[in-house]
Every structure is written in C-alpha cells, then in structure tokens.
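Input: a single structure, listed below in structure tokens.
In order of appearance the chains are A, B, C and D, and numbering begins at 1 in each one.
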Amino acid sequence: MTYSVAVSGASGYAGGEILRLLASHPDIEIRTVTAHSNAGQPLVEHQPHLRSLAHLTLQDTTPEILAGHDIVFLALPHGQSGQYTDALGATPLVIDAGADHRLTSQASWDAFYGGDFHEPWAYGVPELLVGGTKQRETLRTATRIAAPGCNASTVSLSLAPGVAAGVIDSGDIVSVLAVGPSGAGKSLKTTLLGSEILGTANPYAVGGTHRHIPEIRQALAAASGAAPEGIRISFTPVIVPMARGILATSTAPIVDGVSDAEIRAAWEHAYEDETFVQLLPEGHFPRTADVLGANTALIGLAIDRAANRVTVVTAVDNLVKGTAGAAIQSMNLALGLPESRALSVNGVAP
Amino acid sequence: MTYSVAVSGASGYAGGEILRLLASHPDIEIRTVTAHSNAGQPLVEHQPHLRSLAHLTLQDTTPEILAGHDIVFLALPHGQSGQYTDALGATPLVIDAGADHRLTSQASWDAFYGGDFHEPWAYGVPELLVGGTKQRETLRTATRIAAPGCNASTVSLSLAPGVAAGVIDSGDIVSVLAVGPSGAGKSLKTTLLGSEILGTANPYAVGGTHRHIPEIRQALAAASGAAPEGIRISFTPVIVPMARGILATSTAPIVDGVSDAEIRAAWEHAYEDETFVQLLPEGHFPRTADVLGANTALIGLAIDRAANRVTVVTAVDNLVKGTAGAAIQSMNLALGLPESRALSVNGVAP
Amino acid sequence: MTYSVAVSGASGYAGGEILRLLASHPDIEIRTVTAHSNAGQPLVEHQPHLRSLAHLTLQDTTPEILAGHDIVFLALPHGQSGQYTDALGATPLVIDAGADHRLTSQASWDAFYGGDFHEPWAYGVPELLVGGTKQRETLRTATRIAAPGCNASTVSLSLAPGVAAGVIDSGDIVSVLAVGPSGAGKSLKTTLLGSEILGTANPYAVGGTHRHIPEIRQALAAASGAAPEGIRISFTPVIVPMARGILATSTAPIVDGVSDAEIRAAWEHAYEDETFVQLLPEGHFPRTADVLGANTALIGLAIDRAANRVTVVTAVDNLVKGTAGAAIQSMNLALGLPESRALSVNGVAP
Amino acid sequence: MTYSVAVSGASGYAGGEILRLLASHPDIEIRTVTAHSNAGQPLVEHQPHLRSLAHLTLQDTTPEILAGHDIVFLALPHGQSGQYTDALGATPLVIDAGADHRLTSQASWDAFYGGDFHEPWAYGVPELLVGGTKQRETLRTATRIAAPGCNASTVSLSLAPGVAAGVIDSGDIVSVLAVGPSGAGKSLKTTLLGSEILGTANPYAVGGTHRHIPEIRQALAAASGAAPEGIRISFTPVIVPMARGILATSTAPIVDGVSDAEIRAAWEHAYEDETFVQLLPEGHFPRTADVLGANTALIGLAIDRAANRVTVVTAVDNLVKGTAGAAIQSMNLALGLPESRALSVNGVAP
C-alpha cells in the first residue's frame, strides 16, 4: 500500500530534509505540505533543491489540514507541536521532529525548555541500547514517535555501549561538538548570517545550558540502567563553517581494571549488526563529509591510557541521522517496512 | 637602531606570517628570506599577499646565508633547526618557530618527536604564568627563543590561571580544538586538499598522540609548580573549514570547596593587565573571527556546577598569537622594545 | 539482468562518484575497482563515504583486470585511457570520463591537449541539441561513450538552445564559472590545498587556455549547424570555496530583431520535456546547492536589453551532471534502461 | 593635530571596518560611534574583534550627536544619509559610505534607487582615471566625499585604463563577480544565512538590475570622456562562500588594430606609480586572499585574441578598498596626510 503523508514546517530545514528523503520512498505519497507565514507559496520557492516536488504548494499549518493522512510529520519550533496532538488523535502515525515529546522528566523539561509539558513518545533512535535490548523494539509498535535532538542522539550513540557495558564512568563525561549552522534552523538571527559563520568557529550554550543535555542523560540512563542523576556531562557545541554535520568528540573516564579489549568489545558488540551505526577499525576516525546526506553514524574509538579516558569521535549528518533520517527510519519500523528504505548508507563526498 | 633580519622557511605559512608582521615593524629591516626547493624565486610567487616585499628573492637556507644578521627566524619543519644552531652562534637573537627547542624533557621529546634532542630555549609565551611570575621576565634577557606550538600555547594560556591558583584539578583535563588547516603547514597531503577540508570536520591525532601534549603538560607544570607527570590531558584537535584559527574548548574538574568568585578571580587576576590575553565578561565567549590576524587570545570562562567542571573557551589565530605573533612579541621583549610593536590587538572581521 | 562493472581510477573523485551512483543502481554489480599507486588497499580507505562498498579492494589498473566485464568505466587522467581501448575491444560498453575521446578535431586536440589523438566516441550529454534532434539518440546505440568535461557540458547546455534557435550570436560568448576544487581532481598541488582554497576566489586558465574551450565550440557548432570556427568564447573559471559545483554565468549578444518571447521560447522548447535539465521560471536563478549530489542542471535566463545580451546562469554538480551522472545517464540509455535510473533530480540542501 | 571623528552605522560591517582602520590611525581620535536599534550597547557587543575600542558605547544616530566633530563618517543604508547632510553643514569633512551622493545623473538614481536625489560628492576612488588626470586631485580639496560602491569601484578600476587609452570597446563589457556576503551588510535575510551561503554559489541581481551599474558607467564615461550612454555592461554578481572579497572578471572587445603591447601599456601606464592598485606581471592573476584586510586592488590582464577580448581579473577586499579603505584613503587626501596612512598594502593570507 501507499501511505499518505503530511509534513508541517515544510519550508524549514528539518521539514525540507524529511521531504527530500520521502521523495524517494516508494511507499509514500507526499500529499500535503504546510507552513506558517509562507503558506500559499510554492514549496520550491523555499526548497529549490526539491525539484520532484515542484507541484506542491504550501498550505496553512492547521489541525484540519494535517488531519486525514496516514502519517503526519511535525517539524515545528519547540513548544508548538503539542497543540496539534489532540486534533491528530485519529492519525495512525505521528512523528514529531521537535522536542515536545522527547523528555520523560517534567523537571528536566521545566529546567531546560519551560512551557507546557507533554507526555513522552517513543524515542526515534533505533540503535540505542535500552536495558538488554534496543530502542528499535519499542518503535516497531509505536504510533507516536519523537525524533531525537541531533546533538543528543549523536552523543548518546557514541557513549551508550560503554556505559551499558560498564567500561566507562558516566559521571564525568565531556563532549565537544563541531556542528553546522543548519542545526539551528532557518532562523533570522545575526549570529547565523553567512558573514558571521564563514571562516570562524563559534561556541554557544557553553557551561551546561544546552537543551540536549537532559536528553543525553535520559538516554544514557536508559542504556545503563542507572538514574539520570548519576550521569554528568560537560557539553559544548561549536558552530563551524559547514552547512551540515556534527562531529562529536566525547570522552569519559575508563573504569578501573577493564582491558582495552573489553572496552573495544563494548562498541563492537553493540553495533556489529547495525547498518547505520558503524564502528570504524582501530586507528580510524570519521569526518562529517563521510556521512553527508546519509543516515549513517560513523564512530571512531580511541583508548587513551595516559589520560585515563576513552575518546569517541562520531560523525553524523544532523539533518539526516540526527533528525529526518531518524524519523524515516523510525517510520519504516512502525510501518513494518524494511528499516533502511529510502535511506542511504553512503555519504556524498567530497 | 634598525635590526637586520633573516627569515628561513619564508615560503611557508609560518614564515609568511612572520614576514607579514615584520613588514610593518618600524625597527626591522627584512634583509634576507630563504627557502629550500623554492630558492631563486621571487618571494611574492609564494606569498602573493606580501606586496610590500615584492623586491625580495628567496635564497637558499644555508648557515652562511643566515649568519650575519641581528636576528634570525627559523621557520623550518621540526627537527631541522638544530643544524643551524651552531652556525648562528654569533647571531645576537635567534627565534625558532619549530619544536626543536621547546621541550625540557628528553623523554618527552623521544616519545613524541624522536631524533636528536636539543637544549630548551626561552619559551615564547610572555603571558604564561611561571611560578609567581610570568614567562615575560625570562624573555627580556633571552637571546634564543622557542616560539610555542599553536595548540599548546592556546591550551596552556587557557588553563594556567586555574592550575596556578589551585582552583581546578590538572589531573583530568579535556581539550578539544577546532583548528584551521594552516596549522599543518603548506604540506602536500591528500587530507589537506581543499576538497577534503571544505564542508567537513576532521579529527586527527586522536587518543593522546598529538605532539603538543608534552608541551602543554610542561607549561602547566611550570604554572602550578607541580610535576608534569601529575598533569593529564585528553587532547583532540579537529580540522574545520577555516584557513586560520584555533577555538580550544578546555575543561577541568573544579577543586572541592572553591567558590565561583574564586574561580573567576584566578583568570581575572592572571590577565587583568595583559593587552593580548583578555578574559571576556561573564557569559561571553569568543569566536576565532574576533582574533583573525590579531595577536590576541580571547578567553571565555564558564563554571558548570552540574558537570563539576570549569569550561574555558579560547580563540587565537594560530599563525599570529599561536606562532608568528608570539615570536615577534618575544622579539620585542628581548630587544627592549615596546612589547606590542607591530602587533594588532584587533581582529579582521567579518 | 545484472551487468558486471569495473571502475578504474576508483580512488579519485570522478571514480568515487561513479561508484556512489552505481552503488544504488539495481541493475549493476560493481565487481572490480582499480587504481594505480593505491592498488591493494581497501577502497574505503580512499572513499570513506562509500560504506556499502567496504568489501571492495583496489586492484591494479591493467587491461587484463578491466577486461571481462559488461561495462568498464575509465576515470583516468587525460591521455591515459587510450592505452586500454584495444584491450577492451570485447567489452560491450566502455565509458571514458576522461578527455581522450571527446574531441572530433585533431587540431583542437593538438592545440589544447597534445599527445596521441584518439577517435571521438559518442558524447555523453543526452539533452544536448544536435541538428534537429538530441544527443540522446546517438547514445541509445552507443558502445563507446565519452563523458563530457564538466565545465564544457555546463556551458554547452546553457547556450545550445539559443544558438540552435538563432536568437543569440555565438560569435561573442562570454562565460565565467564559479567552480569547486573537486573538478581539479585529487591532485597534490599547493594551489589546491585547503588553506589556499578557503576564504578566497582564485581564477585559473585565464585568457583562452582552458581545455574545455574546444569542447564547447564543438558542441555549440553541432547544436547550430555552424562551423566551430565561427564560435568564439571568452572563458574564465574561478575556483571558489565549495567542494563541488559549477555556477556558470554565460552571456551572448541578442540577435537583432528577436523578441523576448522568442528568446525565452528557445530554452523552454529545448528543455520542456527534460527531467534533468530544467529552465527556471522568469526571474529565478539557481544556486549550486540546489543540485548538490543531483544529476540536474538548473538554468536561469535573463534578457538584458540595456547590455543587448542574454545572460544564462546554470548550476550543476560537477561530479554528477558534469561527470559521473552524465556517464550513468548515458549508460542507462545505451543499455535500454530507464534514463533516470539511480540518478536523483533532487539536490542535498542546505 | 588630532582629528575627532564620529562614525554612524558603527554596528554594521562598513562601520566596523571604518573603525578597524581608524583605530590604528595616529592622527585620529574616535570620539563617537552611533547606531540605531543598538544604541546604548557597548560597541564591542557588535564588533567583538575591535578590542582596542572596548571603551566605546553606541549612541543614537542623530544630527546633534554627529555634529561637532572634525570628521563624520556615514555608514547608513542607502537613502538615509541625506537627512544628516544639512545638520552637518559646519562639519569640516563628511564621508558617506552609502550611495546617496555617488551618482551625478538623477535619471540613473531614479531608475536604480528611487527616493530623493542628492547632489553628487567627490567620488572616493583616488586612482581612477578622469580625463587626463586622476580622481585623487579632486579629493585633495574635497570636504564632502562619497565612498564608492565596492563592486563598482572594482570594475571601474579594472577597465578605466583600457577605455581611457581607447584600446577596448566600452560598448560591450561583460563583468561577472564572485563576491562575499559581507557586501550585503548585516541584514537579516534568509538568503544571507550561513546555511544558505556555505558550500554554494548564488547569483543575484541578474540581467542588468544591480545598482552599481550606473556607477560603473559614470566612472568609465569619466575615464574615457565619452557619454555614459555609450557604455554598456552586462553585470552579474555571484555570492560565494567567503566572508569578504570581490573577484571581478571583466571582459571587453579589443579595438581593431591595437597591438598586445599597446593594450598592456594602457594598464601599466595607468597604475605604475600607484601603491594600492597594482598590475600583476603577465600570466599572473590575483586571488581575493591576497588582499584580505588590505587596501590593495590587484589586477591581472589577459589578451585573448581567439575571443577578441581583453580579460581583466581584479581582486579587492570589498570592505577595505571597496568601502572603508577607500574612505580612509580619501580622508587622508582631503586632510593633506600621507595617502597610505593606516592602510595596509599587504593582505592577510592564508
């Protein structure tokens, strides 16, 4: 069968990437695309790269227009998707690319986001270790899915094998991410202007204020079985001059007494059967270019005994594996389709 | 008086930047520029931005040609400057931009560089805390100066105030640096091609192998009075698509019981009188664009109690404050000239 | 049926892109990948983005290893493919991404390339107007195909409708192209280093020396039925800091007496049924980002009566529509497969 | 003596660059900086690279605040500087970085800008040929100066020698410019976002609509003594991913019968005594990196007999030689100071 789809926020970066991937999905008919201020305009005015969707016009983002599809993607600013939830009660599958349904802890929501708290949905990172299984199992039966934060899923996938296996100490994690500006969306802010981005590296949300921190702590707690309170992370994102991509360098202390082989085995074991999360051979580390446009997370692992820390370097495309690809992969699971449909494992390089 | 100068390695990036800065120095006459394979060619063929030096021709890099100047700058690949040291015995001031004279520990040299070990020279980072004073004092009487490694001096300046004041624990430092490819020099390597650098973030020397690690440990040991062995650092550089610049994010555990005010005071006190190392106001963090072409290190400091770590973000231009500017600033000190002569505190932005 | 394929030059940019596209082609089995100095190494060492081909090892580029496949792609430096032609006499389909078989005029070959002249093969630009038909027709029965020069096909597609329709004067064309450095290949040249490419625009082959000039003249002569001698073009490529992409701005004098409608109709008529060459609506012009990774050429057309010139701005991905995509599209035609198989019309943006 | 200066539009790119250059000018005291919506904030919040001006606070842009200085720089959006002209009647020297006082033809103003027409001021391009002399002479006695449009002055300097000498035909000029986004100012437009600028080339104002066209025609008419109506130019700017810089490729037909030597002599003669406009040796062409931060225009000249066109490639830093540097150079002339004071001929590269 062919599933009818509506995508809201279709003029933005996350919405555009959902559409790019869906456009090559053989089981999907993109029936409706919506936006706010841009409603009434051709989609291609705002997404000029989506040539195969040149026939679509942006409609208003209203519950009425979104209702009546098999699948609805919400790619709205944080705090806005909650209002559509009730109206979409009859929609078989709803996938939210925003943050509204990611956190299980209202206290974390209040501390990092604020505004109305919404119930958590199935978290859209299939490869994430959860107890003795993977998040994939939950997604197979999900009807409401929260796509992950791009930085959060990158760091969580980086470290979950180590915390689950007990070979690293999750109480003193340090993550520093080189990120492209598309993760900040198509927002008109001076700091996001090309002249401010080109030729420079620019940190933001330094010192523990980034909204993805509680999401990482929640995911690593789920992976390890520990309480989120025990997971501490120093998290610093740095915007660098590439439109897309996250290169996350994460380090954590090595637990006393574990061997190099035990450490490496944790990651090997976690991802050996995965298509889209791959551990590189020893001594190899990924570049974001290797995963541009792909749904792949590439992981390089180093054991630094002098520093007594494991260093995990992970590359993802923030708009694919970090957002839209995670959403489509989760959709495939929920629909019982092959998990990798319409998703590429190969990047576009150079 | 006017000092005559020879610059070796003049066709490379470090040599070029030394020349750019010297070209506007009123007390300096650039008399001789040398290179290896490019000898005989006009300097401007290799440094087309140095229009005011269009009259200079690259000569061979030989002891004879370098001798007989008041000042000689060596901007050669690591391991090559030692051979010129003897021949320059009569030269009043020699400044090496390479690594050969930076390390005091032969064991560290052997472990990270190899080849002949050379005696350490005065370390060219004037603002660095050393015991109860600053490195500036040593430089005032120096006749042989080792300009610092760009990454090393950036991290050392970032953390020295905290370790000297005893407010952070130097036993578990984590530094991740976004760096431009010019730090790797004008080397013909596939990984340094534009197509490989554009649009991507690329880590290298992951897991404790970078050659600047012992230099950082040495500098922080000097700052704190502790032994280098006690200083442990997880160090990961990531090449990002900007020609110049280092944005170093360094974190270290907060020592038990110190207050936020005590932490901040350590950095304020260390740099309050400095022109070229500036602590930004609370909540402000630097971009590399802010120091492009300038001899300035800008430091932002965050205290992250949830992670129990201090986060220090420092921006420098790797070719200026990281190399050539440090060399000129040190030269000014050694010559008794105003320390800031020919050095700009303002960056070129956007 | 499934066709077996060998790709030579598989460690380079053109070879890598051919492999990226073929990897998702349902009728193709990539059996053999070859290289010169890199033979014996895993393909993925040189193409780390091609995760689905991680099982392949680079073999030597010899006639023996290339022979015995249904299809052979030659992605070799100019002048090197000729030597394999004889040995591949029994190969049903050979596609050369190099220049050796593009030019019909030995005089042009001698003037711009030199070395042995090889017979021309079917030119791999299906949408190109040739007399009253299109190049596609020739490709349907071709067994030897010359993929185009990326700059040449971009300019030829830009202007062929106008010269074929007689609305512009091909005697005084001016084309200036912003191009990414990947078009120059993975060559170890100082001018191609990241530090030399970032943050700067750099012209090359200024003043009529670029090797794609005779190829453009040949194509436009074929489109118009005129002699190549009558076609004159001022052609200047400028390398800009994007890994991929060509944005060609081409202008030509308007023929006296033609109306705006007649001009626009020439392009509309030429490309109205084409998937991969699209004329944008009036007042719209393309960006290279719109076609990144896609096989699409997007064309914007302006009629500047004050300057008495038509301005045509065309965006292509030099590695796809400019090289590898053109090769695959031509292959599809020669095999009788759907022309667009394994080729995307949508770009990857932002 | 020291001249007191006020700079309006100090939070923008042009204003920031004027301040960067003035900050190192020994005869200038920057007394007042003004802005509109940002008034009341520290200058360094908006210009974090101007460390030496950290003591300045942005004031309101009002005639009262701007009055009472020896020199006032207006760096305001086009159409806004006229309102301050009357109030600054007593100010000895006023320099407008906007367009309001550049055009001598009201018809051109009406066609390309609209709104109130203002009288033309002395045009701030000292090296521009004007009749038998240079624009410098007018500037020596000027009290009101219009700094040039960055694209306009680049193209005018490129071609003025040829049209003045009568060796090229100004009736069919074609110019295509690769430009950085800082030329568009710090405007909050989606097309100027980093995600839209990185990795792509983007044309704008295609087809004869760019506002710098009449300014070029006016300048070349002044150089040649011909009427502006006879000067026709096809002009296309393309935004490329570099924060600063213009690389202008301009071509014009060669006049029948002139020799190569005569052509080259026109440019050599025009600029042989100039510091800031330099003709490169035959076969050499400039990159924008060569002039980053410098007040230099570098010109490469090719004679393409096959195309019957001269090709002139010129690199400038749009914010320096294109705007702020031109303003300071003109100021120096008007004040009787050395023309090059506070202006660098050397670029910052790589």
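Annotations
Here, a residue touches a chain if its C-beta (ideal position, glycine included) is under 8 Å from a C-beta of that chain, and two chains touch if they have at least 3 such contacts.
All of these numbers come straight from a predicted model, not from anything done at the bench.
Common neighbours of chain C and chain D under the contact definition above: A, B. Over half of the residue numbers found at the chain A and chain D interface occur in both copies, marking it as a same-residue contact. At the far end from chain D, in terms of centres built from Cα atoms, lies A.
Rounded to whole angstrom units, the spacing between the C-alpha centres of chain A and chain B is 37.
Rounded to a whole number, the gap between the C-alpha centres of chain B and chain C is 45 angstrom. Shared interface positions of chain D, defined as residues touching 2 or more other chains, are 13, 182, 195-196, 198-199, 241-244, 286-287, 289-290, 292, 349-350. Residues of chain D that touch chain C in their complex: 172, 174, 176, 178, 195-196, 198-204, 206-208, 213, 232-236, 238, 240-245, 247, 249, 251, 253, 285-290, 292, 300, 302-309, 311, 313, 315, 349-350. If you check the complex, the residues on chain D that touch chain A are 13, 180-182, 186, 188-190, 192-199, 241-243.
Interface of chain B with chain D (complex): residues 13, 16, 20, 23-24, 47-53, 182, 198-199, 243-244, 278, 286-287, 289-294, 296, 298, 344-350.
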